[in-house]
Amino acid sequence: MELVKNAWYVCAWPKEIRAGELLARKICGESLVFFRDDAGEVAALEDRCCHRELPLSKGRIEGGTIRCGYHGLRFNGEGKCVECPMQERIPPAATVRKYPTVLRHGWVWVWPGNPQLADEGAIPEIFARNDHRGWTSCGDVTFVKGNYQLISDNLLDLTHETYVHSTSLGSQHVVEHPIHVSHDDRSVTVQRLMPDHEPAPFWKAMLFEKLGRHVNADRWQVVNFIPPANIVLDVGVAPAGSGALHGDRSAGVEGCNLNAITPADDESTWYFWAFSRNFNQADADLSRKILQSVAGIFDEDKDAIEAVQAKMKEQPDRETMSLVTDKGQLIARRLVKGLIESEHTRKASA
Amino acid sequence: MELVKNAWYVCAWPKEIRAGELLARKICGESLVFFRDDAGEVAALEDRCCHRELPLSKGRIEGGTIRCGYHGLRFNGEGKCVECPMQERIPPAATVRKYPTVLRHGWVWVWPGNPQLADEGAIPEIFARNDHRGWTSCGDVTFVKGNYQLISDNLLDLTHETYVHSTSLGSQHVVEHPIHVSHDDRSVTVQRLMPDHEPAPFWKAMLFEKLGRHVNADRWQVVNFIPPANIVLDVGVAPAGSGALHGDRSAGVEGCNLNAITPADDESTWYFWAFSRNFNQADADLSRKILQSVAGIFDEDKDAIEAVQAKMKEQPDRETMSLVTDKGQLIARRLVKGLIESEHTRKASA
Amino acid sequence: MELVKNAWYVCAWPKEIRAGELLARKICGESLVFFRDDAGEVAALEDRCCHRELPLSKGRIEGGTIRCGYHGLRFNGEGKCVECPMQERIPPAATVRKYPTVLRHGWVWVWPGNPQLADEGAIPEIFARNDHRGWTSCGDVTFVKGNYQLISDNLLDLTHETYVHSTSLGSQHVVEHPIHVSHDDRSVTVQRLMPDHEPAPFWKAMLFEKLGRHVNADRWQVVNFIPPANIVLDVGVAPAGSGALHGDRSAGVEGCNLNAITPADDESTWYFWAFSRNFNQADADLSRKILQSVAGIFDEDKDAIEAVQAKMKEQPDRETMSLVTDKGQLIARRLVKGLIESEHTRKASA
């Protein structure tokens, strides 16, 4: 399994981990159980009792600890056994692995790798708009039966909008405009600017929400990638000629599509996504409409990605050919490959 | 996977490949997509875009070509990319494999092996009655979760009719009459003649359709096999003593059961079958009754064959014992083995 | 697959093998078919025709023999072919394996190993109460997707009652009392005595059935294990202080939980269980209530065991840690390991 283990991954929306309940979720090949301790802080443990291997998620919460549902061993948020019903002495080996977690940018993050390397400062700042005052965000999580890199590939080449999302984001204009790709050793950016055209249905509707009338638009797409698989799409439209493609977006509508792509294992993915906007922020009905639209759009992606995954599994050793629009993907995959190789080197020298 | 690749296989009834639609079907271990080009001719391509591996069957037909549903590459019936939306230059590598197809004897045939060896003359003539003026044919395709040779084994030993089809084709008379087996290096024939008996239910009904009365019958079964798995059953009954077993079948009813047995892979099969008759040809109601009867009979075979397949998978290395009635099967399997070995030899010397 | 093959295993309740019917069941990795011969005796054959591998269980009973449903070969209860429809001479190889069976203690037993070693005297006497005049027994069979030793582990450490069966057999009292473990080279016994307490719900109800009033109880649990996986729980309660914990149980209610744990294969198990009692024996309504309660209790165990099996399959090489209450299990597993090693030694020297 070729996964980057030493990285922060979004593992849940905070509301998914409810007081008194247990949430089982596989992250990066590790089976975890999430719960809230007495202080309401999220804790993440290996989802397996060290005694007779029952998943701890089949137990119950007692005072901020997990009671195993088989023989009653009780573990705190650090993974330490604090009660062993049939014997007074708790064996030192009675522990389960604890995983570092952090609440940041409106999401819960977990570090599945070596906990000594877990630096909170490494959580990507590009997701700040998920809980920023100037932005209103709505989102969800989609389980995709496909390798996580198929999702980042998808987002790094928005050409697919024309064919996969023809009734919402796509139009002939997308494929008619070139992309500009730039990168350094920690990020990739793919940009496409589309001046003066009749906007695609989704953006046409957004612009109408703000302006109350239909106009031709200038459209921008800026895809920012940070490995292993954090992607923000800085996207939007403004009335044609209002200056948006030269820096002044004030007359238009800006969206920010946040994508935290977390491997469940190497064949399936928890795809956390949100759409943030800085217009009509208090309009809850608009938030519902956007949530529904974006969920439908990502279901179209899921359908394509799962078909590709199945095809790759059927014929694992086939080569593919690339086009000019794949440049962002290819660089992104090179960065991820570098991280995986560094982990192997670190392990080998440890 | 031990399959004969250099052979013509029935892949569809013509009506299954509709204008403007895509049909995905695995044939002989290859995942194919079938469609009709502008001229209405059937084309068969590998069901995988060479760019990012989406099955082409998830795309759409545009003017006799397939537009990939992911990034919009468009392929013609030869498998050549004729449009690459984001770049003017179409890379030479942008092709998918094309498979030879032919319409013959009322079926669509495909050649999954080396296209240079695809000789239309090799399509077996024994299926001519499927679209012959003097015969009326009705049939369907049944997907069987079993190796294709289990189906040819089944048809080459009709002893099973007594036990598997006891309410239609079977009776004690079948097992009471010996078989006569003959063969050359390209075919096997198994014949059984059953004079003067009360016919089995299916044939009793057929004879009544023609004569309007119930009589004792002479019955013939002539099974013709051509590898890899083409089988015609020349079968029928005539009033006892009317000379049918000595060449004059005119007083009776003749059926011709056509079986084109196409491996999907080595564990499952597309079983194409038809029943042709030369009596009461214009009677559409009779055709419907026959179609229903034969479908029911083949469902009984499917049930037995799938149980045998499951048992063989559970215990792959078990030996079986054979009886005198297996002689046709054993010769047929020897012919198929010869073809497979020839393919290996050809590859090794290529 | 690490299973003890040379042992008697319960394979069915007698009522499950009905005259004229065929019962297919996998036992200890062997696919068997059970039926009754003309004399009504149970016979067990390999569930596979030696000719073309159809499971014999898809055939039909004819006069105490099985007629294969494919080509009509007929086998008697010894596995010998007694009719071969298409030829007079029956080939000597036309036999299927026959397995020794015995009716004993109200169950049908089968010996999946070397038939020359099948000694009826080896059937454990501890199950005698399943059809003893002084006891009334009710029970069933539960299919569990878990290794058989997970079930014996479960029964050898009743600590789990407090957590898995908290609404029936469990209470805080169980985990507050120590166990006493003894063993020889053919058996293990785990005993727990719990004086003077408010009985757990199941036992409270049983005691009320006999006494007509609620009282505090002395409770005993004596678990007897005989490898590979035969377990009897000698359990009950009596009014506190009535002497039950010192030998005189006459004032209380005695239950005898009989557990015959038969591997289907190494990942799944036929779990035969019964509950025998020596009080209110003729009360059929009480039998129904007990059957329903015990079935519900074992469904709770099944749920835990299947979760453990899935976890072990996910991570096959993980170590576990043991507690003092696991002593019985650990000895039991050592005895089973010894039997498996003996079988390997016997085979190697044979």
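The first chain written gets the first letter, and so on, giving A, B and C; residue counts start at 1 in each chain.
The rule is short, and it goes like this: a contact is a pair of C-beta atoms (placed from the backbone, for glycine too) under 8 Å apart; a residue touches a chain by one contact, two chains touch by 3 or more.
Nothing here was measured: the structure is a model prediction, and the numbers come from that model.
Please state the rotation angle, between 0 and 180 degrees and to the nearest 5, that superposes the Cα atoms of chain A on chain C.
120
List the interface residue numbers of chain A and of chain B, divide the shared ones by all numbers used, and answer same when the ratio is over half, different when under half.
Different residues, largely: of all residue numbers at this interface, under half are found in both copies.
Averaging over Cα atoms per chain, report the distance between chain A and chain B in Å.
A distance of 49 Å separates the two centres.
Could you list which residues of chain A touch at least two other chains?
None at all.
List the residues on chain B that touch chain C in their complex, please.
153, 157, 159-160, 162-164, 175, 178, 303-304, 307-308, 311-312, 314-315, 318, 320-325
What residues on chain B touch chain A, complex-wise?
Residues 31, 48, 50-55, 58-59, 67-72, 84-87, 91, 93-94 of chain B touch chain A in their complex.
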